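Look at the two complexes coming up: subunit A is in both, with subunit B in one and subunit C in the other.
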Partner chain A sequence: MQASTKTPSGKSSHVSRQVERSRMRAVMNNIILHLHPTRVPASALRLTYTWGLGGLSALLTVILISTGILLMFRYDASVERAYASIQFLETQVMFGSLLRSVHHWAANLLLVTVFLHMLRVFFTGSYKKGRATNWLVGIALLLLVVSFNFTGYLLPWDQLAYWAVTVATSLLSYIPLIGNALTTFLLGGPEVGQATLRNFYAIHVAVLPALLLLTMSYHFWRIRKDGDISQPERDDKVLKLTTIPYLIQIELAAAALLITSILLWAMFVPAPLEEMANPAHPPNPAKAAWYFLGLQELLLHMHPLAAMMLPGLILLGVALIPFWDTRSEDIGIYFRSSTGKKIALSAAVLGVVLPIVLVVLDEYWVDFPGWLPGLPTIVSNGMIPLVLTMAGLGIIYWSFQKLFKGNRSESTLGLVTFLFISLITLTIIGIFFRGPNMALIWPW
Partner chain B sequence: MNRYYVIAMIALLILIIAIPVYAWMEPARMEQAQQLLREKYVQDAAVMYVDNCALCHGVEGEGIGAYPPLNTEGIREADYDFLYKTIARGRYNTAMTAWHEDDGGPFNSYQIEELVAFLRYVDWAQVKEIAAQQGVIPPAMPVPEVQDSFLEQVAALGAEGESWANGIATYAQSCTTCHGVNGEGTDLAPALNDEDTRMADAEELARIIREGIPGTMMPSWDKKLDEQTIEDVVAFLQNWDKINEAGLELTPPAPIHVDLNNPEEVLALGETLYANTCAACHGENGEGGSGPALNSLQILTRHTDDDLRRVIIYGPRRPNSIMPAFGDRLTSVEVDALVAYIRSWEETAVWVKNPRGTEQGGGPPWLRATPDSNNPISPEGNRGFGRGRWRKNPPPDQGLDTQP
Partner chain C sequence: MTMSTINKALSSEAEISRRNFLKLGAGVLGGLALLELVGVGLMFLEPRSLEGEFGGVVNAGPVDSFPNGSITEFPAGRFFLIRAEDGGFLAIYRRCTHLGCSVSWKPEQNQFVCPCHGSHFDFYGDVENPPAPRALDTFAIHIEDGMVKVDTSRPQTREEFESSQFVYA
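Let's turn to the complex of A and B:
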């Protein structure tokens, strides 16, 4: 193709294309070098250090925004038409089913990648040395992603959506003082209905994206400000490689792999769509979305107020970790030290075994309200289990210090590892081992 | 080229191949999705139909009395809007009420669309089966079933009892759809079980039944009911209070809703069906009567569920058996419920010396044979009855097919 345009200097277009290319490259490199430093430590390029989880989450966000915008063209946020509009999308629109499928799976995968990203940052102690702010921003992003998923869950208006949201919002009303007002505000009325669908839609497509983009930008900017990716402190001079091409080529490969695998997965496994929402027929068991099932599991064992306070306290504690564990010597090292590795391993084993034992015990034996009939259930089934749990966490922390001679950083690592693994265990119990009436079942 | 570029290139290549392939298959997928959606609409609507429409239009859309049949080509090919509006808004001056929630009905637009799809695509013979598979068992009859014992009780009430019994039987058959099962009246027609009717002139009542009331839905019955029957109905109407005082009432027919995932409900359905269908021959608790004792260790341990199912659906293999095949009358769900109920006896079943009631199960083997070469128990077949051998090698034409 022979371009007819001439550059102001009158040189031939062949030269001008070369100039154009180098200009474009300069602009592109500029964008990349705004996000990344010019040179990165060679050791930070190891895939097994970051697993690329932050970058994958960012890419998933881009995928979600682009597919989400396309979905908005056909989606109709009314109780009468929402479900039918999805059936229309699935049967009349070329690629409609694929689009919804990609959005669905990318959203679920994003929850996983942000959680794992958080684990990676925690295990490598990357919240240390001035990174406390970004740790807090990261927790805010996690909450945003969960809210995204939760509001998006309702939109198809099928049985799954309706009852998962009904179950989850009923929890909110247990928040002291403001619970009922908050629930009514969020639902736009006393129960899940037309107003709820509109509220969730507006929050999902306008409020949360704005918040997410702002917070994400700040999150990225903060990484540069905090001195880029966390690395162990070393005396010798570290080998540094240029970002272009050494970092970029890895990101390119990861991005291509992620996009291809999501697309292929979505082609073969369409997003589920159940019966249209029917307020008269609750499914049994009525479960919340899968990522809330760990919390729903707590509800089976405690008064709702205690079941809300426990994760709230834990989240608060997790947010405050950077201010408690300030030892900067072990930053950038997975599990801090060899002692830390032992502690983390035993915490992980404990996090699998202890919740299972406690769940089974409570299912068949423990019965505080029955043992203490004189007390109101908020005490017997709420405060007592809550205090016992907190005391148990204290004992776990203390035993890591005593048994393993762990320092503050390593013991904290153990305690939080236990909490994370317990959450995963409880979630798995909730997903697979709870049958009709939320009784324990054997799934196969 | 380093490995990262290779990975990226391969991923890109897969994308470049996968997307056109998906696009090429997309029209077929959409076609299939529409087909599935139509089937789903029909399935959903079948339950609504059995619950709400079948009492007037019949479970198989055959129409009952003055109500139009729906299983016609005319309906199937009717304009979509015509069907939608008729269901949503009702038909003026007829018993067809408005079913859309905007007009006071129970259905939303989506459900009415499902009903329209149902009218256009359903195989009417399958409605009972579709509804049953979703846990709704249609009433066996659109009108209350009247047992002989009930009529005998009515007849015993007084000198005119015979006449009342004939009257209430006729009423149950022809009048309940509009006037209500126990004369309480409906949206369609006034109550009859009240003082006004009882005080009315008998001749006047008979005239109304004979000639109908022009301008209303009350048709004239003189061509369908003979004079004596009309008199009996009037006699019954004027003495309804006496029948009620004796504690005798008609039971309204209603679909039974069963949670098919709940074994107890399925068992209860099986028990009801057994009492209605099987108990007369096989005994109330399977102890046997004119039919074999099913509640026996021999029969229950030697027959699998599939054997029981096959006998219920196709009738027994034993020659000259009087047991009919129930395949056309029962849906697969009902058959399964019956089998589950019969099977539930197995744990407590006792060894019955002679479950068939006759010595050695109907005489010596050489007398049980019939001149039928297909007879599985003919001596040539060397297949003794009750030894379970025919089960292992069923003839191909009678292979296991539990669908009626």
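Let's turn to the complex of A and C:
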């Protein structure tokens, strides 16, 4: 650094330092302009359009990778030592508790930001006009993030870890034909044990990161390829601003705010660690991590195969949205139109009320296996509720078309809004309203 | 057959050019190599039971040490040994048939209870309260020299309890 202040001619030069600085800046700007276009529409810079959710998710990924690498140096993936190594980390290692806490909360927050990012893209119809591929890539990324969280929370080898993984892998064994083989393969044996911990560790720190980095790179590249951020169609000339500094300063501010918030939160709320895993005694109630409780709620109402098929079918439907709703006129407009807004609002209200009504009805009154004793439970408690639910979704879609005169885009908006809000409602029921033996309780 | 007919037969089938043949051959061989690699990977990752982990023959003890109508838990073997009123033995795997949680015996309710999703089972492992789809699994029992031996290597599935599942000394 010292040497660079002298020019070859030997005289100390103010100019050369400036030249060097501007070269460095050019390199930096070049990197930024690899990710971003040189100019962006002024209206796309409004925070209330994107809420910066994609960028925040990317930043969280960076935080997770860097804290994750540090944690790997201190973690021991063996049944005897895993829990002890986390305890050691929490109590003896300098900043160990903080780093684990940041990793934990960043992982939780990432699930929230990718989910909200997906909602934003959906509500603004940003999967339209050639963006179908990136919608699919986004869904793949969502599944990757969920897999990350699922494999990650086994690693501390506490009660939550052990039983959540036991329940989830038992669920897989209900898949016809391949279920048992798949479960045994994942577990590396008949029950959750040493082989499972090793498998999940390798998947969490090697397989998934490799897949995530590849898929994320493609996701980013595809945004540029598809013509950058979605915007409403308009005839007049769009005002464009240069990315540097207008977009970059917003991003830097958002990044600073996010990093500060996570650090503060992690300082005051340490990552939870339950009792060490005890294969003899599940905790009561045995709940999965909060973000799986909406899906776990389905298990209380349906045969496991149906409880897996329902979200599977819905996810498939969500993946196919861009191929069903191809109206490009309303791209970039939140909720499509004023009709769309009415439909989305009604769908949201329905998404709060209907799941609650159904959960309470099923808890106290509906009993298909009791009413149809001759049928196997896979039919009475599985296929019948599944078909009824799918038919109900069909009716909801149809009534948006009839009652609100919604076009295909607006009715799809309604149905999917209903599904998203229902998932949130079920998750809240699972978190707060399920007590011992998973019975409904009043939390206050 | 004359030379010419052989040549004719060959040429009629030999519409594939040498270049295409080599391409096809390389493709097939490459595919086979890939399959081999997948096979190697799968076999490498094959489920492994480690030494000393659950899954072997457990010597539960002498027949006489289990009174009729009793239930004894073997935490390491992960089963409950049941002796019915008529002296029949039944080894019940503690893994709930719904989603794999461990059931525990509640003497005051005379039931096995799964805390995860609220399934209940009776003394013989039969479902009393769903969501469990079938009775608790069992393990094979052999009585040798007056000792009860339970083979925990492979759980036996059953739809419901039948008295033929009892093993007598």
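Note that in this section the second predicted complex is superposed on the first by the 430 of 444 C-alpha atoms of A that agree within 3 Å, B and C clash if a C-alpha of one lies under 4 Å from a C-alpha of the other, contacts with A are read in each partner's own complex, and residues count from 1 in each chain.
Everything below uses one rule, namely that contacts are C-beta pairs under 8 Å (C-beta built on N, C-alpha and C of every residue); 3 or more make two chains touch, one makes a residue touch a chain.
This is a predicted model, so every value here is computed, not measured.
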Room on subunit A for both subunit B and subunit C (clash or fit): fit
First (subunit B), second (subunit C), both or neither touched by A:F185: second
Subunit C versus subunit B, contacts on subunit A by residue: C
Apex subunit A: angle to the C-alpha centres of subunit B and subunit C, given in degrees as a multiple of 10: 60
Partner chain in contact with A:L388 - subunit B first, subunit C second, else both or neither: neither
Partner chain in contact with A:A253 - subunit B first, subunit C second, else both or neither: first
Touched partner set for A:S170, first subunit B, second subunit C, both or neither: second
Partner chain(s) touched by A:M267 [first = subunit B, second = subunit C, both, neither]: first
Contacts of A:F95 with subunit B and subunit C, given as first, second, both or neither: first
First (subunit B), second (subunit C), both or neither touched by A:Q87: first
Overlay on chain A, subunit C to subunit B nearest C-alpha distance, Å: 8
Common ground on subunit A, meaning residues reached by subunit C in one complex and by subunit B in the other: none
In the complex with subunit C, residue positions of subunit A that touch it: 163, 166-167, 169-171, 184-185, 187-191, 193-195, 199, 279-286, 299-300, 303-304, 369, 377-378, 381, 436-439
In the complex with subunit B, residue positions of subunit A that touch it: 80, 83-84, 87, 90-92, 94-95, 97-98, 249-250, 252-253, 255-257, 259-260, 263-264, 267, 275-276
Subunit C residues within the subunit A interface of the complex: 45-50, 53-55, 75, 78, 94-95, 98-102, 104, 113-118, 130-131, 133, 155
Touching residues on subunit B, where the partner in the complex is subunit A: 2-5, 7-8, 11-12, 14-15, 18-19, 22-23, 26, 29-30, 33-34, 37, 44, 108-110, 113
